[in-house]
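My structure is below; once you've seen it, I'll send some questions.
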Amino acid sequence: MDTTTAHQQMNPFDKLLDKLCLTPAGLLGLILLFALPYIPPFNQEYMLRWLIYCGFIAAMSVGFDLTAGYISIVNFGYAAVSGFGGYTSALLVINLGLSPWIAMAAGGMTAGVLGLMIGMISLRLRGIFAACLSWFFGLAIMGLATKMVWLTRGPSGLRTPRLFETDSNVPFYFLIIILLYLIYLACKWVVRSKMGLAFQAIGQNMDAARTSGINPVYYRVFNFTMSCAIAGVLGGYYAHFYGILTPDIMHTGKTVEVLAIAYIGGRGSLWGGAVIAFPFIFIMEIIRSSLSNLPGLNLIIYALVLILVMIYYPGGFSYFYDTNIRKVKNKALRYFFNGRA
Amino acid sequence: MSNKMVVNFTSWIKSAAGISITISILVAVFAAINSGPYLIVNTVVTGGMLALVATGLTLMLGVLNIAMFAHGEFFMIGSLTAYYVFTPISEFISENPESFVAVIGPLIAIVCAAIMGAISGVVAEKLVFGPLRKRSTDNWVMNSFLLTVGLSVLLVNLHQLIFGADFKGIVGYWSGMPISIADVFISRDRAMAFVISVVIVAMFWFFMTYTRTGMSIRAVSQDITGAQIVGIDIEKIVLLTISLACALSAVAGGSLLFMYPSYPTVGLEPLYLAWFVVILSGLGNILGAVAGAFMVALLKAITVEYIGAGWDFVIPSALIMLVLIFKPSGIFGSDVRGALDK
Amino acid sequence: MLLEVKNLDAGYGYLQILRSVSLNIDKGEYVGIVGPNGAGKSTTMKTIAGLIPPMGGSILFNGEDITGLVTSQITKKGISFVSEEMNLFVNMSVRENLLMGAYIIKDKKVRNDRLDFVFDLFPRLTERKDQLAGTMSGGERKMLAIGRGMMSDPKLLLVDEPSFGLAPQLTANVFESLDVLIKTGVTIMLVEQNVTKTLSVTDRGYILENGKIGMEGASCDLADDPYVRKVFLGV
């Protein structure tokens, strides 16, 4: 996978996996995710709802990581952009009678346009300033969604038709897993191409990147647009899954949730957040529902984990996996298959 | 009147700072004529307190390179402390309304808020930022920013868990007739809040400009190696800065308790507004932050007056984005690139 | 012996640059360290000043072990470091910069005396008292950095690459000001790339190559040494 010679020697199965941006362990994980609704404790509807939420945050964290991990700009208005996509989608369905599926795509597109705008106006800003600008942008959009009551019904929420006309959560679950995988695949393809290198160059040192002939305008704007379009599609999914949309989806707290998952998972890896979201959010939901007399305890644990990870393991889970588990596992597998290490 | 001063003045008026200050003053005067002087009173009271929070934020950014997301939580700590200190005091006052405690009591509560803010700042440095600084300073701006995000979530939910999510407010600090200035009645609490903010900002400015310790804080913000070379103990300055910054925020929380009762997310609004100020006015400039605070307060007051409550995030943030597009370093910021641009 | 460095090892992270460097300076001496780029001259200075933690060996100042102390403590012992990048406080005036140089002196009167002393040494700085350090020219900034180093009344002044980034005329000015300083009785250790110039002004010299002390001796002897002439002076 690393060099062209290795590429030629690969067997067809590995080649296919490589095209699909999966490792054998990743494939196993994906299969496990698809099988999950049939495995006993998880086949209950309320657990599926939690898992869907896990999948939603996981997919959001992949899109978020495309900006944060590659061009090193924290899009602090990410949840707002996602909510913007959700509202667009919901309003299209309600007012124009479009099918939710088409509306979802349209939500993605409008959110992408929004991302284009954020990317354009934040071009001259760096680091924390760009983060602040996207944050203010998000606050402004959230303010609009709250105040334009004639359109969005404000805090009382918008009733939206669901994607599937059924009470079961299973199709929604499969859909979010497929979306998660497609988003991951799209991002991975982009960062594997020449563009990924340009992203990293811009993220590490914009001036150096510019002097070596990379046009930061194009790449930064493209990155923002793509990442925000992903958020928009997911916002549409969110709207048409829960059936009710309030401006809360745009709250900074939601961005923080996505951000925490992306960073705990390991920034710049894309898959780290997706993998860590499932166990982590799931456990948080268990804590929240079983200790309802101690409100906020799950968020305290959340914050503590984020703080500890940032201090002691800023590379996150993906770094941990790459340095500690992958090597040992590969060694063990080689021994198991070949009889020698 | 020398000619040089006139030239200086015209060039200042043409600079971004001059233009924006002139426009703000004009707008303020116009709004006051149009809808009554209470608008100015609101602006001045909010602006004064906002100046405290924003100066703390500037300090954290300029000296420690920490983009503080948890600054509002120190506001919350301040208001919470003031509430728990002032509640028994107010009971005592209602029994003995004539005693001197009626005058001193609120001040005690506010001072306690400041002390508590400083202590919690030191604790945050020792438990959160210090360990990160010791381990590695690569990617410091981003990593420390994420730490403050975690800290913010932690403090908000600890408040909810321990003290509950209900509003913990007081009726007022100083009772008595409102003060009237030129047909405008200002409640004593508001007047005192303004006085407190003016006194503290003035003291703080004096401290930073003329004292040896204040100068060493500025030195650290400008060149940390240079500061080490001249013999400044960086650890000490870091602790001092963080406790000062947090105390400033907590004082604001304490003195505004009569307007903003304490609840877990009370710090969110001051945080947004303080960030508006810091980004608008540029970094590392205390007087700029003060001017920016009044501008943001004016913007907020005018938006609420003419467009309606709830729009006060939309309009200011849109305007600030416009400013950022044309002057990325902020109105009062210099074009010298700082450590934050990494 | 004012400063005694014994078998010093130092470097950045895993990269070791200095290997067992030993040198010493007597009170009132003017000592130069010369050598090619990347030999470890600046690293030696920074390690003595405490900006880089030493990996091994020891540094004695006035007979006291200062190995591994942080910079601010070392400054308080009486070593002042004028770095290559100068590290001035760019948004402060010249006067404020100089006063910050006397940070370790608590007595206000003594601080003002030192200020007068430095202004006497560098009349140029007096003219620009209220100008911001960031707006001055390269030569003036260098002067200010040296002046700031003198403010704390150091026993030993470490000067790192005073000619770095300066035009020849300005370099000459800076060397002149160092000459003035040495007459006031301060001990100077100078690191320079300009070998000829350094060996012509200093009393004694060390030649640092690949992180090791290659030669040492009186500056005039070193300047006449055939090896030095061949490698550094190209004669």
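Lettered A, B and C in written order, each chain numbered from 1.
By definition in this document, contacts are C-beta pairs under 8 Å (C-beta built on N, C-alpha and C of every residue); 3 or more make two chains touch, one makes a residue touch a chain.
Remember, it's a predicted structure, so these values are computed and weren't measured experimentally.
With chains as nodes and touching pairs as edges, the resulting graph is an open line. Sorting all chain pairs by how many C-beta pairs they have in contact places A-B at the top. Distance between chain centres (mean CA atoms), chain A to chain C: 53 Å. Mean C-alpha position of chain B lies 42 Å from that of chain C. Chain B has its Cα centroid 34 Å from the Cα centroid of chain A.
Contacts from chain A toward chain B in the complex involve residues 72, 74, 121, 124-129, 131-133, 135-137, 139-140, 142-144, 146-147, 252-253, 256, 259-260, 263, 294-297, 299-300, 302-304, 306-307, 310-312, 314. Residues of chain B touching chain A in their complex: 67, 128, 131-132, 135-136, 139, 141-143, 145-147, 149-154, 156-158, 160-161, 165, 264, 268, 272, 275-276, 279, 308, 310-314, 317-318, 320-321, 324-325, 328, 340-342.
Interface residues of chain C facing chain B in the complex, by the touch rule stated above, are 49-51, 70-72, 75-76, 80-81, 83, 85-92, 96, 99-101, 103-104, 134, 148-149, 151-152. Of all residues in chain B, those touching chain C in their complex are 212, 215-216, 218-219, 222-223, 225-234, 284, 334, 336.
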